[in-house]
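First the structure, in the form of structure tokens, and then the observations on it.
For clarity, chains are labelled A, B, C, D, E and F in written order, and residue numbers in each chain start from 1.
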Amino acid sequence: MKKIAIFPGSFDPITSGHVDIVRRAVPLFDHIIVAIGTNSQKQSLYPLEKRMEWISRVFQDEPKISVESYEGLTVNFCNERGADYIVRGIRSASDFDYEKTIAHLNNAMFPNIETILILAKPELSSVSSTIVREIIRGKGRVGKFVPKEIAKELKLS
Amino acid sequence: MKKIAIFPGSFDPITSGHVDIVRRAVPLFDHIIVAIGTNSQKQSLYPLEKRMEWISRVFQDEPKISVESYEGLTVNFCNERGADYIVRGIRSASDFDYEKTIAHLNNAMFPNIETILILAKPELSSVSSTIVREIIRGKGRVGKFVPKEIAKELKLS
Amino acid sequence: MKKIAIFPGSFDPITSGHVDIVRRAVPLFDHIIVAIGTNSQKQSLYPLEKRMEWISRVFQDEPKISVESYEGLTVNFCNERGADYIVRGIRSASDFDYEKTIAHLNNAMFPNIETILILAKPELSSVSSTIVREIIRGKGRVGKFVPKEIAKELKLS
Amino acid sequence: MKKIAIFPGSFDPITSGHVDIVRRAVPLFDHIIVAIGTNSQKQSLYPLEKRMEWISRVFQDEPKISVESYEGLTVNFCNERGADYIVRGIRSASDFDYEKTIAHLNNAMFPNIETILILAKPELSSVSSTIVREIIRGKGRVGKFVPKEIAKELKLS
Amino acid sequence: MKKIAIFPGSFDPITSGHVDIVRRAVPLFDHIIVAIGTNSQKQSLYPLEKRMEWISRVFQDEPKISVESYEGLTVNFCNERGADYIVRGIRSASDFDYEKTIAHLNNAMFPNIETILILAKPELSSVSSTIVREIIRGKGRVGKFVPKEIAKELKLS
Amino acid sequence: MKKIAIFPGSFDPITSGHVDIVRRAVPLFDHIIVAIGTNSQKQSLYPLEKRMEWISRVFQDEPKISVESYEGLTVNFCNERGADYIVRGIRSASDFDYEKTIAHLNNAMFPNIETILILAKPELSSVSSTIVREIIRGKGRVGKFVPKEIAKELKLS
């Protein structure tokens, strides 16, 4: 049976922190779906298409990684794709409390789905999409916090 | 003097976690008011009447528990009702930091009002109204997270 | 049925923080036993008799409070005394994590025993027996951190 | 070289907690700019002019303190003003996690800018602008939580 | 290349929490070594041989799991065994802070070694060897907290 | 009046994390005393003389830094030296809770003494003397975690 994992998020935009977690998770699974959860109530900075394009470009060298978007609960999407694993990066104790809550609820609904936590590297443990968006809005330098493909494009546009 | 406690919240909807805390608090007090704080700025998923009806139904076997709604500060409502206690359930360290802040401020305003914290049971420590609402929106199964009276109704509607 | 609570600790020595928690818990119960857990493996700064004497003196005005010592598990002592409640003060998020662990285990062994958490007042939230002992060893002023009965005696001895 | 520090915030309104931190930081620096970050996306309770006026009045006795407003990233404002320090008050472990994230990102963008953390006093460690606003909306007493200049004005208006 | 993981600990004794984490980790790896770190400075309750025997017995049905003991740093043992993964269970935010520190240091010494964190189930999130030892010393019931093989033996002896 | 700060610790041994904090604190003060607290009850890995020698060597280029040892409470030593500031590095939320407790108690005893917290850099936020000692005992590589002067000597000895 193939080991499939979902790496869910809004990726608005994908950060160097996300990229590092996914790449480190690759050897553990046969396939990883970077899955953009869409939520009609939450306004995003970048349109879904742009976010998907960036993720595809960042991981184009890695055949085990694909990109998709989904609506509704992450666990439902896992079941649709036959994924038994959710991969999450954690940076801090407050991340942990959040992940624990979600993982326990997911497990209560679907005991077959396992959450695997991977620690952010120290130098990436302060990076989040929220903060990258604030830096972009404040016209700060994001080069250290997003993949070079995105940094380049953001400078031009 | 009667020992009256307020159990405040928005209960949108009441969860199995809330129910467990209130039932465990019953023996300590003569009367517990489950008090729905209304806030014109915050949009609720369920109307106030529905939330009150659910709570009444869940606790209809327990004469020491009543349901009310209030506007403004919880401590003011305590004083109006002659309640010297606020009961709160806590699930995690982040819950704790929040409750501590509120309890200290309440105490600075009204030193007679005491906050009593009761720990969520392990199997209920990931349940919150916020997450129940997300599961409902995502059409997930909430049977384990809300009282059976609500679970039944949500399935029908 | 009488509502009996245990307030367990090593009280080496009892601090102003402990006293505040016990006094605030008094109205909730018919009787509170301040219970000194003895542990042959842990060396105490003050002998058990001295610790018991101090507690008795501090609470001599309050007939609902008594002092006892016990060996072994706190839950076993609760059952021997017919106590359905354990009262604990909490000061910080790390206190909380510890109390949660203990309360959950107690509950797994004896579901009838309920733990009630009461928040330390802000000005007492840094006081602990451990730190009082360090200040005493370092010949610092402990007047603000222990009941005046103990402060007086420590200055003389 | 003059040692200049920025004390950034939205100060909606300035609280007794803010005032305490700034006054304690004064001896460490030649000049402290209390800097109101403006953010067109966030609705404030009090207009910018009112917030600046209050801060000026509270610190009118202290020549080393001035008030300014800025848009965009705090680090950019630091560089414009030649400030090598950002001063922040911290109250709790969750404050800490937030400050750490911001400080690390600031440092990644501008390694010359140092963040200095000062601990809120115990009796002020539950005070925040967010909560003061809620108390004001709920018509509670804020006298203990804001400088007396503001408390007086709020009572009159 | 075989995916080998180390699950390090002192297992004094192995708990139901440990067993659950290891069993959930099995599908991710080709081989898991439950590795008892020995430390001449730390006194254990049970001798190394007994601890190894218990672990072997608990996992005798699972050919992918073996038991070993080691001295010195876990990362050195990983390298000796060709293990690229360390598996750790986490229960709480304080566990997390500890695991983060260790994982970052391990990574600084040997960047090839990845730490995988798996969340304890809610009902097992208060179980630790430390607390099981205390319950055993206090003659409490440990049946819910250790594998049935150990519970049975502890009752007899 | 000269601004004097104490940087207290056991420095067993001094780490790269300590060195970074002290160097970053230098511009804020006229003099910083790196102060080794001695405690007859705690066994150190390296003798006091060795620890002092290392610190002197590491900071020999910086005339504003000196090394001393002291017994008893840090606040008493501050008063003896006329130091109004204690500088502490913080790495994590658990560090924070500890520093907060100590700072509040110090402030209750001597309100003139201010604690200044400086955040560890991300890449140094997992380094502690405790862990360096464990790595040394386990014969691991400490080159990244201690100043090069110490790393060199530890390799030779």
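FYI, contacts are C-beta pairs under 8 Å (C-beta built on N, C-alpha and C of every residue); 3 or more make two chains touch, one makes a residue touch a chain.
All figures in this text were calculated on a predicted structure; none of them were measured in a lab.
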| item | value |
| --- | --- |
| Touching subunit A and also subunit E, the following chains | B, F |
| Distance between chain centroids, defined by C-alpha means - subunit A, subunit B (Å) | 34 |
| Interchain centroid distance [CA atoms averaged], subunit C/subunit D, Å | 39 |
| Contacts with two or more other chains, residues of subunit F listed in rising order | 92-94, 97, 100, 104, 122, 125-126 |
| Pairs of chains satisfying the touch condition | A-B, A-D, A-E, A-F, B-C, B-D, B-E, C-D, C-E, C-F, D-F, E-F |
| Subunit D contact footprint on subunit C (complex, rising order) | 92-93, 122-123, 125-126 |
| Touching residues (chain side subunit F, partner subunit D) in the complex | 3, 24, 27-28, 84, 90, 93-94, 96-97, 99-100, 103-104, 107, 114-119, 121-122 |
| Subunit F residues touching subunit E - in the complex, by the definition given at the top | 92-94, 125-128, 131, 134-135, 137-141, 144-145 |
| Subunit D residues within the subunit A interface of the complex | 72-73, 75-76, 93-94, 97, 100-102, 104-105, 108-109 |
